[in-house]
Every structure is written in structure tokens, then in C-alpha cells.
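In the two complexes that follow, subunit A is the common piece, with subunit B as its partner first and subunit C second.
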Partner chain A sequence: MRRRSSLPVTFLVPTLAILLVLSMVPTLYAIVIALQNRELSAPGYSWVWFSNFADLFSDRRFLNAVWVSVKWEIVTVVATMVVAIGLGVLMFEVAGPRLRNFYCLLFIIPVLLPRVSAAFVWKFAYHPLYGIATYPYRLITGGLIFDPLSKPGTALFAVASVDVWQWGLFFAVIVLKLLETLPPQPIEAARLDHAKRWQIHAYVTLPMLKAPLISLMFVKMIESLRSFDLIYVMTRGGPGVATETLDMYAFSQGFIESGKVSYASAMAVLMMIATVITFTMLWKRVQA
Partner chain B sequence: MKQYRMRPGRLIAKTVLALAGFLAVFPLLWTALNALKNNVDIITRVPKVVFTPTLANISYILGRDSVLTGLYNSAVACGAAVLIGIVLGLPAAYSVARYPNRFAGDIQFFVLSLRFLPPVAVAIPLMVIWLQIGLYDTLPALIVTYSLLTISVIMWLAIPAFQGVPKEIEEAAFVDGYGAYSVFWRIALPVAARSLIGAIAFSFVLVWNEFLIALMLSSSNAKTLPIVASELSQQGMNVPWGILNASVVLLSLPPLLFLGVLSGFLNSVFRQKKS
Partner chain C sequence: MKSYRLAASLGAAFVLTASVSTAALAQAPVCSAPVKVLAQPRDGLTLLEDSKDEFKKLSGASFQIDYLNENDRRAKSRADASTVGNYNVYYVDEANVALFASSGWIVPLTDYYPADYDYADFDPGRQKVATYDGKVWFAPLTGGGDLMVYRKDVLEAAGIQPPKTLDELIADVPKLTNADKGIYGIALRGARGSGANVWRWMPFFKAYGGKWFDGDKPAFNSDAAVKATETYLKLFKDSAPGTQTGSWDESTGAFLSGQVAILVESTPLSGMAVDPKTSQVVGKVGFLPPPSPLPGGGYGHGLAIGTKANADDAAKKCAGLFIAWATSKENEKRRLDAHQFGELNRTSVLSSKEFADIYGADLGQALAETGKVTAVNFWQDPRWPDLGDRWGIILEELVTGTRTDIKGGLNELEAYANDLVKKK
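Here is the complex of A and B:
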């Protein structure tokens, strides 16, 4: 029925051309910069080829940042999925339609907040003396001080809790909507076989939702890479380097401490290669 | 159904849910409350619920030039980038959805893969490029950079929205003698409008909340509101907390305006899946 038309070309080609230029120019230029020795303070530069990359692997702070980033990914992704599935199933089980709508609205609010806002909200809440989140601890212990953001052992988890507050609650809404799309017959059948409520979900509904749940986890893995805002506002990578992720370290090398743009860019290029390869492989597997 | 009603497990489940609902909004409400407090009422070991409210913090925030400039920069940069995203993203999405060619899958993957790029990896080279061209710390530089975000996100979300438009309506319009372009304008756009508005609202929230790129691409003139808000706290915690809280509230309000639109969008996405 559709006649031949110029529409696909005029609609698609300009947009794709612009997207290609906007994405490839910075990407390629990042690689070019990484092979030079540019600094913010000096205008001149020369080609140093791979020496930035070689330096990175003997830089203990860089290796620490890699480790912190990996920890951050694992902690936030796992905790988000656990919270999302837990709350999603609970809403599905005990909340009526109106209550579900109400909770859904509440649970979407945190993720809409700018991460800078969310970070501030919780930075205040975690304040050892005046924070609302540390108040119960002060109350129970009679005024002892608990400062989660300045202890190396707890800082990462305290920041991660804000990430889970934003994404775990939001994903709970999606898990609920996914559960609602399931046909009721298998659940009824399991119920007739006297399966317990948790068994129905563990063996029937969640396995049926395996594919969308994996996609959801995939989305969270990508979003977890964007941890910079939270960490920048809440801890600046501290105490020490306990919460210094790769983007935080790249930023402080490139801008705050030394202005070594090329060094920072080398780090960014490594991150880019790692994430593009990982996610392309994961995506192809999810799609297959 | 009935035999499950009064189990203690149900009661625990309801309590957990209520607690989660409380946790979702309470920290934000508390921040809003603190924005209305004098400093003496904030810096207390026992949180104060009863206090004499003051508008001093809010009027201080709204009277500061840096905040107003940040608000203006955010509005212009996000507004323009979203507009570019609409103009370039929607037609491209329609084309992928309705005139699929053998590259359709690759195009969709390319658009998604833009999201894999670490923001630092984009921001560092762009900063050097804008510095060399002389556009560093200007709104046009920020708008162009944000357009990459808005175009790809709007395109990604609009493809399923256009695919959700019943094909029969479009075929009927072709029979009535509409050309390909007027089918897009008069049929596809209006029919898919609700989902499209959701996609557009989502892209706006995304760039409004963006921090890292704005931080790297601005030094004084083009600072957006998130940057200004974060800088208020750099003077240490000595800054009156009420003022910081007020700036957080100001920063958070625009995305929250879209709460209704976005939750409706979410519902429509999953209703499509069901049918």
C-alpha cells in the first residue's frame, strides 16, 4: 500500500549523520588526546603514544579506582534488583489497585530528582550530629556519633544506598507492571497445587519474567556507570580514596589536582573500550 | 483468596511496603521542611518538627544572581536541546518504525550504544574542542552536547511509540490519498502523541538532571542550576543549611512537575506490552 516515498531518506539520514558526527568526533578525539601529553595549564603538546596507558597500569590510585568502580557496579546493581523484586512482589501480593497506584507514584519520585538533589538530601540526612537518618542511632545509643560518609568501610555503601533509593524503588514499579502483564492461569494452577505464595513467585512468575528482568538489570548496569554526581557531592571520592571511582579519578586528575587532560583522557578511553565491549556483548546475548 | 486475608505475613508485608513508601518521600519532605527553617531550628541534635517557619532562605536563593543565571542557563540549554531532539529524533524514529530497512536493527543498537559512552569520555575531548573553537563556557556548546543525549533518547523511546500506532489507520489514510509526509503529520503524530510526550518529558528530565558534562563544559557564564547548587555547598557546611535546602528544593521542582506525565507514560508502555 505504501508508495515509494522520499520520507525514509529525508527523515532518517540527517538525524543519523548528526548523531554520528556528535558521537564520533568526541570519541575519536578522546583517543587522539590520550596519545598526547596535553595539560590544561600549557598550550603546547607532543605525541607520547602509549606512555599514558603504560603509566596508568603502574598507578596504584588508578587500580584502586578500577576496584572501587567494580565494587560500586556490583553493590548497586544487586541491591537495586533485590529491592525492586522484593517490593514489586509485595505490592502485587498485598496491595489493591488504588493502593498500587499510590505506591507507584511515591516510588517514582526519587528517580526523577536530579542526582545532585538526591545526594544533598542524603548528605544532610547522614550528617552525624544533625542528620535525620542518623537520629535513630543517636537516640538509641544516647548521643553516640555515627558518621557513615567519613568511614572508609561504610562510605561506599552510604552513597550506594542513595543510588538504590532512586533506582530500586523505581524498578519496583516496573517489576509490578511486569507481574501484572502475566496471564493468571499458571498462578492459579500453582495455587491449586497448594504452592505457597513465595513459591509461586520463585518458581512460576519470576522465571516467566526472566528476559525482561535481565534487560532491566542491563539498564541498571549502564545507569550505575553514572555514579559521578552522587560521589562528587557526597564524598568527593573520600575518605581517602575509598569511594573514588574511575570517573571521579579521571575528573580529579584532569581538572582539580593536576590538569593532566591527556592522562585523564587515557583513563576515559580505557573505560569507554571496556564498557562498549562489555555491553555490546551483553546486549547481543540478551537479544539472542 | 479469602483464606490468606488475616495471615501475619500479610501484615508484615503491608508494614514493609508502608515503610518503603515513607522512605521514598520522607527525606525529600524533610528537606523541604528544612528550607523553611531558621538555622537554629535545623542545627539541633533532636530533629524539630514544630518551628516558626521563615521564607528568608527561599527569598535569599531567588534573589541571588548566580541562582537566577543558573536557572536561565538550565532552562535555555535543556529547552533548546529537547527542541532539537524533537525535530531530529521524532521523524527519524518514525522512519525506523514504519519504513524498516535492513539496517533498522543496527540503527537501533547504535542509538542505544550512545548511552554506553562514559560521560567523562565525551566531556574531556569536547572541552578541548570547545576551548579551541572558542565556544567553551557558552550555552551553544552545551546545547550541541546535550542534543546528542536528547536526540538519541527521544529516538529510542519514540520508535516503539510509533510502532504502537495501528497500521490500519495509516493504510486507510494512504487510501484516502494522503502522502507519506501528511500521514506522519496528521495521523502518526497525533495518535502517538501521549507516548511521545512521555518520551520528550523523559529526555527533558535527563538533561535537566545532567551534572558531569555541565560541570566540565562551563566555568562561569554557562553554569547550569545543578552546578550552582553544588557550589553553594563548597563553602563547606558553614553555609546556612536552610539556604542549601532551599536550593535543592528549587532544583528538584521542575522534574517533579512531570511526575504525572511520566507515570502515565510508564502505564501506557506496559499496556502496549500486554495487548
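Here is the complex of A and C:
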């Protein structure tokens, strides 16, 4: 009879216990607070059960924040993947080994910048009068002013571009490295069949990289949910509520405007539930 | 004889012991640990950090100031004071002093402010702002009202006299805008916040006769608020680029870099405008009170003693000593010597010959005149930041065009105000 080893239990139990405490305690506490009516300025509280959740669905700013969060998620994830695949393939096709190394080094720098620093740098770059990013517009139009961060139609895209600048370029390096690891035979075979370059990538290399690319997309989806610092520094959710995502609005309700920590917790709990359900469904669909 | 000597020796020993004890008591350090301060960046506080050794000698401990910009400082201090209480001293302002005081997050200052430091010397207007519910809560670091600061050269070139009334201002601002030359008629604040866009909007609201509450009933949803908002939005068409989502930094920055013809802003701007280190328009600037009937927005920021971090009386005395020293006449004199106009709060300094020598008679005259029209424009209530910030969001939406219905915005704010009143 085989003797069962206690080694996995020895290693797993303490680690899982710590993980459980670290993740479950704040989660349970957030759920408990969400069922109360705690405010920072009042020491007392009572149980209001699902009242905070019900109030959320008649709060226009909450509904707007849900929509902005969905837009943010779609724009940043799609744009990051498009930039990553586009640049990765371009480097693979046109750059020699030394030039590729140089580009890799260059493209990794943005993601190494702290998020807040990147946000400040780009906030100044988008300044309507002095910004380097708005300079071409001023030059072409003879000095007309373009203020992308204060226009409701452009603010979200202006902030998203910084996210894509950081993550799209980094992912391009990963895509390039993935392409380099592929076996050359299928690519050679396609070339012998007179396939064009874009056809080789569309029908051979990228389908071969489907699994790692989907993993990259999931990483970006999770990362995009945590863009609070970028939005907070660049627009604070403005102009108006045009870039107010759910985390931004929850923080605003909890700590900036009214100190309604229970209301903010209700939002956090809803976000958590929605995220878990969405990601589980997507994951299962991809697995299938 | 022996007994006499014994008695004398005992007496001498007693006197010696008593004097040593008294001396020891007199020199006993007031502070046992460094004073932790949460503040927003101020030139005066940066200068204060050069004199850390002086405070250490005085109190027995040093101090540490953590800086956050205005909105972040408000959010962080509110979260900290209501929960863990990490800071001995909080930087508070006119907008949140009522909330901090009524929530018990700070203690009355004068109980722990040494009398030698002469609190009564502070400008009476700032003392008024620092008072809530009959008690004084902070010692001022900055404060004042509004001034109209204008470019004499730009107005002269356009053949326009400095506006004395609001109607003149509204008529003159579009005429002064010359975007091709990078000149804009005015600069306003668009960024959300009771201390940001709402702060600049309130003088218009008051000028048109608006008031916030009638007893417990919201009274702001009125023609005055609609007219004030329409005027604000109209003027915003000629406001410098970057101010639509900007606040004090953006509007004053635009003026100081020469892009703005007229600016009605808080008084520290006037000191910055005549300082070659901060201004590109030195020698071209004139000062007047805000065009009538705009009232100046009376304000004051200062240091207050935190409740939670100062658990006992000794800790509160230490925090009180720090505040008294930081706002003392000696330190204010240092700020005057460093030409930090916006950091001056004591009447003894503001009325001194040195002040007049540095800033000239014109500015002194304008300051005296604007003092007469300075008023408290906001709702003096702990719920003001909540209500003010809510209006700030709606106003930012109106300024940036994400909504256009002024009346709808006011209705929404009124519903919110009714909820606030019900919760009281």
C-alpha cells in the first residue's frame, strides 16, 4: 500500500490559510458594511440590509459609472491587444535581432514607470497650450486649441491611450518573444505555398498563439479593472462624470464627497460579484 | 546654635531642591514624540521646515509634515481623523472645519494655545472663519477674500477701464479675448469641488441674491442660482484653455504666465502677481475689489489639534505648542522676509512698515477695500462639503457640456439636500 505524503499538506495549508484570511476578512467586512448605513462623520450605525443596493439602481452616477467602466474595459483591452499584436508582428517581420532587442528595451520602459508618474507626464503632455501631444494640432490648425482631457467625447480615449501606451508596448514585446518561439516549419510551409505575410500571421502564427494571447487578454482585463490611479490623476472622473468608473465613484462616495462608506462598500461588493460572474463565464467559454 | 545651623541647612537644601525642581519643571520638554502633521503644500510650511531645530529646542521633539494637494488632503484627513487618527495636527479649512469640529475629530484650539503667542493678533476675518459653534478650532496659515487682479497693459490697449460692476465685467470680458495672441478675457475654475468651481460660482450666486437654506429648507433652487450659473457659463466661453477642468492652479497659472486679462481670485494671487519668481506680468498688474455686487469669498486655512492621535492632555499641549509656534509672529516675520504674501495672517505684520515697503500702497489699499465686501458665501454647516461637492460635479458637467439643463441640475441638488436634511 502506498503511503500518502504529508508534504503537500505541510506546504499548502499555511499558505492557503494566510491567503484565506487576507482575502476573506476584508471581503466579508465589506459585505457586512454594505448592509449597514455607516458614514465617516457619524459614529453610530444601523442595519439597512439591501437598501444601499436598491439605492444604487436609482443613482444616475452609479449607472453612468457602470457604463463608463464597461467602455473603459472594452477600449483598453481591445486597443492594447491590437497594438501588441500589430507591433509584435511588425517587429518580427521587419527588424533584425539587434534592432528587436533595442525595440524591446524601449517598449518595456513605459510599463516600468509608476502609474501615477505616467499619468502626470501625460496630463502635461495633453495641456492645450503647452502639451507636446497637442502641439501637432496647434501646428496644423494655426494655433487652434484642443483640450482632450476637458472634452467629454475625447477624455476617456485620452486617458485610455496612456494605459495602452504602457501595456500595449509591453505586450508587443511578449508577442514578439512568443512569435520567436514558434517552430519555423509551418511558417516555411506557408511561404512555399505563396502565402502573403499577413496571411501567414492571420492563419498560421496567431492561431498557434491563441492560448497565450487569450491569457494575455485576461491579464489585461484584470489590469484594466485597476486603473483608478491613472484616471484619478488625469481627470478625477471628469469632465463631469465622463471618465468616472465604478472604483472612482466608490472612492468618491466613501472618502471625497460624503463619507458614505457603506454605500461605497455596496458598490465594491456589486463590482466583485459582477467581475467574478463575468470572468467565470468568459473563462468557461474560452475553455470550451 | 547647632539647631539653628541644622534648620538653616535644611532650609537651604529645601530652597535648592525647590529651585532645581522648578528649573527642571520649567525645562521639562512639552513634547515626547515628533508631531505628525497632515497638510497641503504651502510655501510657509516649507519655510517652517528650515527651523525644525528651533522647535526641537523649544519643545523637546521635532515635527514631520506630510503634504497632499487640496482635494487629496481633504479626503485623506477625513478618512484618517474618522478612523485611525495618525496625525497630531490636521490642516483644515473653512469648508470642513464645521464637519471636523462637530464630529469631534479636532479639539478647541484655544484650550491648548499658549497665551504668549497672542491669538488675538490674527486678522479678525480669519478668526471668524476659524470659529464654529462659538469656539476657535484652528490657527490661520492663510486666508482672506477676493481681489480683482487685471492686466493694465491689456485693458489700456483695448481702451477699456477696469470694470467696477458685474455688468461691466460681463460686457468687457469677451472684448478682451484675443485668442490669436493667446490672451483670454478671464479665467474661472471648472474642476469639481466645494472649494474649486463652486467657490468661484458662489459670489455670482450671492450677488444675484441667492441663499442656501431658509431654516432647514433648501432655498438655493431659485432664479438667482439659474442666473448665476448662466453668467458663469457665459463667462467661461472666454476662460483660458485648461481651466474647464482646472482649479486655482490652472487659473492663476494662466494669469501669471500672461494669458489672462482679468481674474477675480483669492487674495494670495496678488502677492504672486508682483513677485518676479512666480509672475511674468510684474509691473503690468492692477488691483481692485471684485466688481460690485460680487462679494469676496471669505476663507481661511489653518492648523488644528487632532483628537485621536493626541489621546491625553500632554499630547494636546504639544500639538497646541507646535501650532502656536508655527503661526507665531516670529515665523510670520520670516514669511514676510521671504515675500510669502499669501502666508501672512497677523494684523501686526499686515499693518507693518515692512509690509508696505515690499508690496506698495496700491495693494494695501485694494486689500483694505476688498475687506469691506468679503463675506462667508458657503453654507456654514458640517454637511456643506457633501452638498458643495455634489453641486461641484453638476457644475463641472454644465461647464464641460456633458449636461445642459441648469434647472434639472438644481432640482437634482435640491433632492439631495432634502435627503441630507432628513438624515440630520
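Keep in mind that, in the parts below, the second predicted complex is superposed on the first by the 267 of 288 C-alpha atoms of A that agree within 3 Å, B and C clash if a C-alpha of one lies under 4 Å from a C-alpha of the other, contacts with A are read in each partner's own complex, and residues count from 1 in each chain.
One rule holds in what follows: a residue touches a chain if its C-beta (ideal position, glycine included) is under 8 Å from a C-beta of that chain, and two chains touch if they have at least 3 such contacts.
Keep in mind that what you see is a predicted model, and the values were worked out from it rather than measured.
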* Touched partner set for A:G143, first subunit B, second subunit C, both or neither -> both
* To do: Based on the superposed arrangement, let me know which partner A:P128 touches: subunit B (first), subunit C (second), both, or neither?
  => second
* **If touched residues of subunit A are counted for subunit B and for subunit C, the larger one** => B
* To do: Have a look at where A:F228 lands relative to subunit B and subunit C in the superposition and call it first, second, both or neither.
  => first
* subunit B versus subunit C as contact partner of A:L178, first or second or both or neither -> first
* Asked: After superposition on the shared chain, which partner residues are touched by A:F255: those of subunit B (first), subunit C (second), both, or neither?
  -> both
* Asked: Counting only touches as set out at the top, which of subunit B and subunit C does A:V159 meet: first, second, both, neither?
  -> neither
* To do: For A:S41, select first, second, both or neither according to whether it touches subunit B, subunit C, the two together, or no partner.
  => second
* Which of the two partners, first being subunit B and second being subunit C, lies in contact with A:G240: first, second, both, or neither? -> second
* Looking at the overlay, what does A:E93 touch: subunit B (first), subunit C (second), both, or neither? -> first
* Structure fact -> Dual-contact residues of subunit A, meaning touching subunit B and subunit C, are 127, 129, 143, 255
* Asked: Any idea which subunit B residues touch subunit A in the complex?
  -> 4, 9-10, 13-14, 16-17, 20-21, 23-25, 27-28, 30-31, 34, 42-47, 88-89, 91-92, 94-96, 99, 101, 107, 109-122, 124-129, 144-145, 147-148, 151-152, 155, 171, 174-175, 179-181, 184, 205, 208-209, 211-212, 215-216, 226, 229-230, 233, 237, 241, 244-245, 248, 251-252, 255-256, 258-259, 262-263, 266-267, 270, 273-274
* Given the complex with subunit A, which residues does subunit C contribute to the contact? -> 71, 74-76, 78-79, 82-83, 99, 102-103, 179-180, 182, 190-192, 241-242, 244-245, 259, 382, 385-386, 389-390, 393, 396-397, 399-403
* Asked: Taking the complex as given, what residues does subunit A use to touch subunit B?
  -> 1-3, 5-8, 10-12, 14-16, 18-19, 22-23, 25-27, 29-30, 32-33, 38, 87, 90-91, 93-95, 102-110, 112-117, 120-125, 127, 129-130, 132-133, 135, 138, 143, 165, 169, 172-174, 177-178, 180-181, 197, 222, 225-226, 228-229, 232-233, 246-247, 250-251, 254-255, 261, 264-265, 267-269, 271-272, 275-276, 279-280, 283
* Touch list for subunit A against partner subunit C, complex -> 40-42, 61, 127-129, 143, 145, 147, 149-152, 235-242, 255-259
